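What follows is a pair of complexes built around subunit A, which joins subunit B in one and subunit C in the other.
Up next, the complex of A and B:
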């Protein structure tokens, strides 16, 4: 904001770094699992700020949405269902702690020495990206790298998300196959949560789609938008305003694979119509990129939401190892 | 010290803290948190290097490492979700084991599916066993 006497943001660097380190140390040493998980969620938001200071707003948005938001929800649910600190192993001997501490200190000092002694001038791909960015008609260099210059990474990454959902579903008990995931079903929501579940999703839907759309020219993109959309779905499931789809629902399965599949098909057709795998013909670059990004946003949102929702479960089998009752097995 | 150096050293510190937690964490969930701290530290070191490259090239940050970190964050989330599901399944299987041991003490010659349903009713009568 011009005109306001804001302090130099560089003053924030040392406190921000110390706060991140302090919080990380505290959540490693604290006794209770729940406190550690809440600390970790706050840590995700702090690191989001660090990314802003490092000039990577795209990464900051991803970190805040995934590391601060969805990951916090996932881990809080896990603490709730696994029990809070009931299965703590006894503290290791002082000598062990000392030796491991020294090892970790050595690793840190070695890495710090490397970071402080990086060669100058620093290698940079900024110019290479800026030089070819016009071909993609994208204003955001990170989006151009993700969808065009390093498209193979992005393709593999979207396949990994689909595989992760398959692996997650395979953890369900055999008898639960074809049922709905129930990890987020942790009892009737409080009235405050219910209000949030009614008010936030419409706003989040618009924010998510906006993040995806604006990602072409500004920070944002399919990952950030998809993460916000997934968080909204998780909120609806958490407040019982909706239910996650059963794992044999074909529409859900289509939603998971449509992004990577479309990406792969267009990438393969690039071998024929353009010059290489994952190459785009020049006349259709922007429309093709838009098509892939749209499908990818949808697939990322579906996959992330399903990753939070967990494997399929028998109705009533909420807590650890408590088998389903006879009635619920009949209805299931 | 520039912000690159401050956050680069911060990333190195996070890797050390995460490593300590991953080795000596007192529950599997805490080791999972520590594992994520290591990942976060690695990303930050990478981000500091990207910032150096970006400043040298006349931008805010090198877009190529940024893109790699974004995909890395999503993959780390997927790995964490799988690990959480594994932990829950492990807890559920341990609970089932405890209740099926209780069931096999009373009836030995049951076929597996019947044994499973028997263990359910047994578990229903003795829910305390799951927590032992």
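Up next, the complex of A and C:
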């Protein structure tokens, strides 16, 4: 609004910076596991806001969806397995604390040295991207980098997710193989959660698909969209309105690999029809990108949801409660 | 200054006031349930006022609809999670004695949170 003496908008960053630092400090100091996990979830949202202020809305969305949402859920499940979350965990030994502190200090100093030592202006590929972005017919430069200019990184990322599911499943007991994951099966849901489980998934489906679709020209993309879709699946499983599929369900397995597989096949065919691995023939660039991104969104959603759902388990193994609290606390 | 901008300034300021009031409530209210009540007010009233204030600035129809949808989803989630938290607080009330120190009766939130850790 012209004519108004508005303060410098950067003042808005001061409370944000103070809140991030304060919360980070409290998270480090607290010994209440569950409170720390809830605080960490809030911290993910704060970091998301920091990314918004830095102008990286794509990163902000990813941080909020993965770092804040799904990660928080994973950690909450872990805390639940370790104990009832109300008791204090024992203080670590002094030597451990010193070592951890030194390590953290070294990481912080290293990061500070790297960031502060950057030449000014910092080396940047922004111009190169802006120059060639039109070739991909994508309006969002982040999407162009992820799916075209640095496609090999994105391919590896999507493969890593599939591998993570395999690793997680291999933690299941032999006798439980072929059964359903049950980490989210934590007893009958409260009526409020049930209401949420009934009303939210339709909205989340639209938001997730929208995030993926709009990612071509605006912030968003397969990871952000897939994370929202996975969260909706987790909500449905948490409220017992649905069950995670058994691990030997071939459709689920297909869902996990279809994204990386399609990406790899199209990338390999690029050796023949275009001039390089992961190169797209010029006439079909946009359709091929759309095809890969669609499959990738599906695979990311399936893989993230299954990562939250945990390894296959025998019925009743979760509801029997809280195994070996003290031992797992000490070792964990 | 146009009428739309004046409208925005008034309503966003009112929203900020509501957020501030609930922040004070969060710090000053004596028990967890009251604090939860103050927090829910921020989500619903404060965000609602901010959204109403931003409506004249949004593009018709999708910008406006997105803002309203954002508020509705926030109300739904805020209400549901508030109920869940209250349920947990109710279930734990009086059952675990040392749980008291996580939500002491008076004092600022930050001090209350820091105390149990630093004291031990």
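What we mean here is this: the second predicted complex is superposed on the first by the 280 of 332 C-alpha atoms of A that agree within 3 Å, B and C clash if a C-alpha of one lies under 4 Å from a C-alpha of the other, contacts with A are read in each partner's own complex, and residues count from 1 in each chain.
Convention: a contact is a pair of C-beta atoms (placed from the backbone, for glycine too) under 8 Å apart; a residue touches a chain by one contact, two chains touch by 3 or more.
Since this is a predicted model, take the numbers as computed values, not measurements.
Student: Would you sort A:123 into first (subunit B), second (subunit C), both or neither based on which partner it touches?
Tutor: A:123: touches subunit B, not subunit C.
Student: Would you sort A:310 into first (subunit B), second (subunit C), both or neither based on which partner it touches?
Tutor: A:310 contacts subunit B only, not subunit C.
Student: Applying the touch criterion given at the start, work out whether A:199 contacts subunit B, subunit C, both or neither, answering first, second, both or neither.
Tutor: Only subunit C is touched by A:199; subunit B is not.
Student: Contact-wise, after the overlay, does A:190 reach subunit B, subunit C, both or neither (first, second, both, neither)?
Tutor: Touch status of A:190: second partner only.
Student: Quick one: name whichever of subunit B and subunit C touches more residues of subunit A.
Tutor: B
Student: Name the contact category of A:51: first (subunit B only), second (subunit C only), both, or neither.
Tutor: The first partner, subunit B, only.
Student: A:32 contacts which: subunit B (first), subunit C (second), both, neither?
Tutor: In the superposition, A:32 contacts subunit C only.
Student: Show me the subunit A residues, by the header's touch rule, that subunit B contacts in one structure and subunit C contacts in the other.
Tutor: Common interface on subunit A, subunit B vs subunit C: 87-88, 91.
Student: Touching subunit A in the complex: which residues of subunit C?
Tutor: Those in contact with subunit A are residues 1, 5, 9, 69, 73, 76-77, 79-84, 87, 92, 96, 98-99, 102, 110, 113-114, 116-118, 120.
Student: If we count contacts the way the header does, which residues on subunit B are in touch with subunit A in the complex?
Tutor: Spelled out, the residues of subunit B in touch with subunit A are 3-21, 23-27, 29-30, 32-34, 36-37, 40, 43-45, 47-64, 66-71, 73-75, 77-82, 84-89, 91-96, 98-99, 116, 119-121, 123-124, 127, 130.
Student: Could you pull out which subunit A residues touch subunit C in their complex?
Tutor: Contacts found on subunit A: 1, 3-4, 22, 26, 29-32, 35, 86-88, 91, 190-193, 195-196, 199-200, 203.
Student: Going by the contact rule set out above, which residues of subunit A touch subunit B in the complex?
Tutor: 10, 13-14, 17, 20-21, 24-25, 27-28, 33, 36-37, 40, 43, 47, 50-51, 53-56, 58-59, 62-63, 66-67, 70-71, 74-75, 77-79, 81-82, 85, 87-89, 91-92, 96-97, 100-101, 103-105, 107-109, 111-112, 115-116, 118, 121-127, 129-130, 141-142, 144-146, 149-150, 153-154, 157, 160-161, 164, 167-168, 171, 173, 175, 183, 221, 223, 300, 303-304, 307-308, 310-311, 317, 319-326, 329
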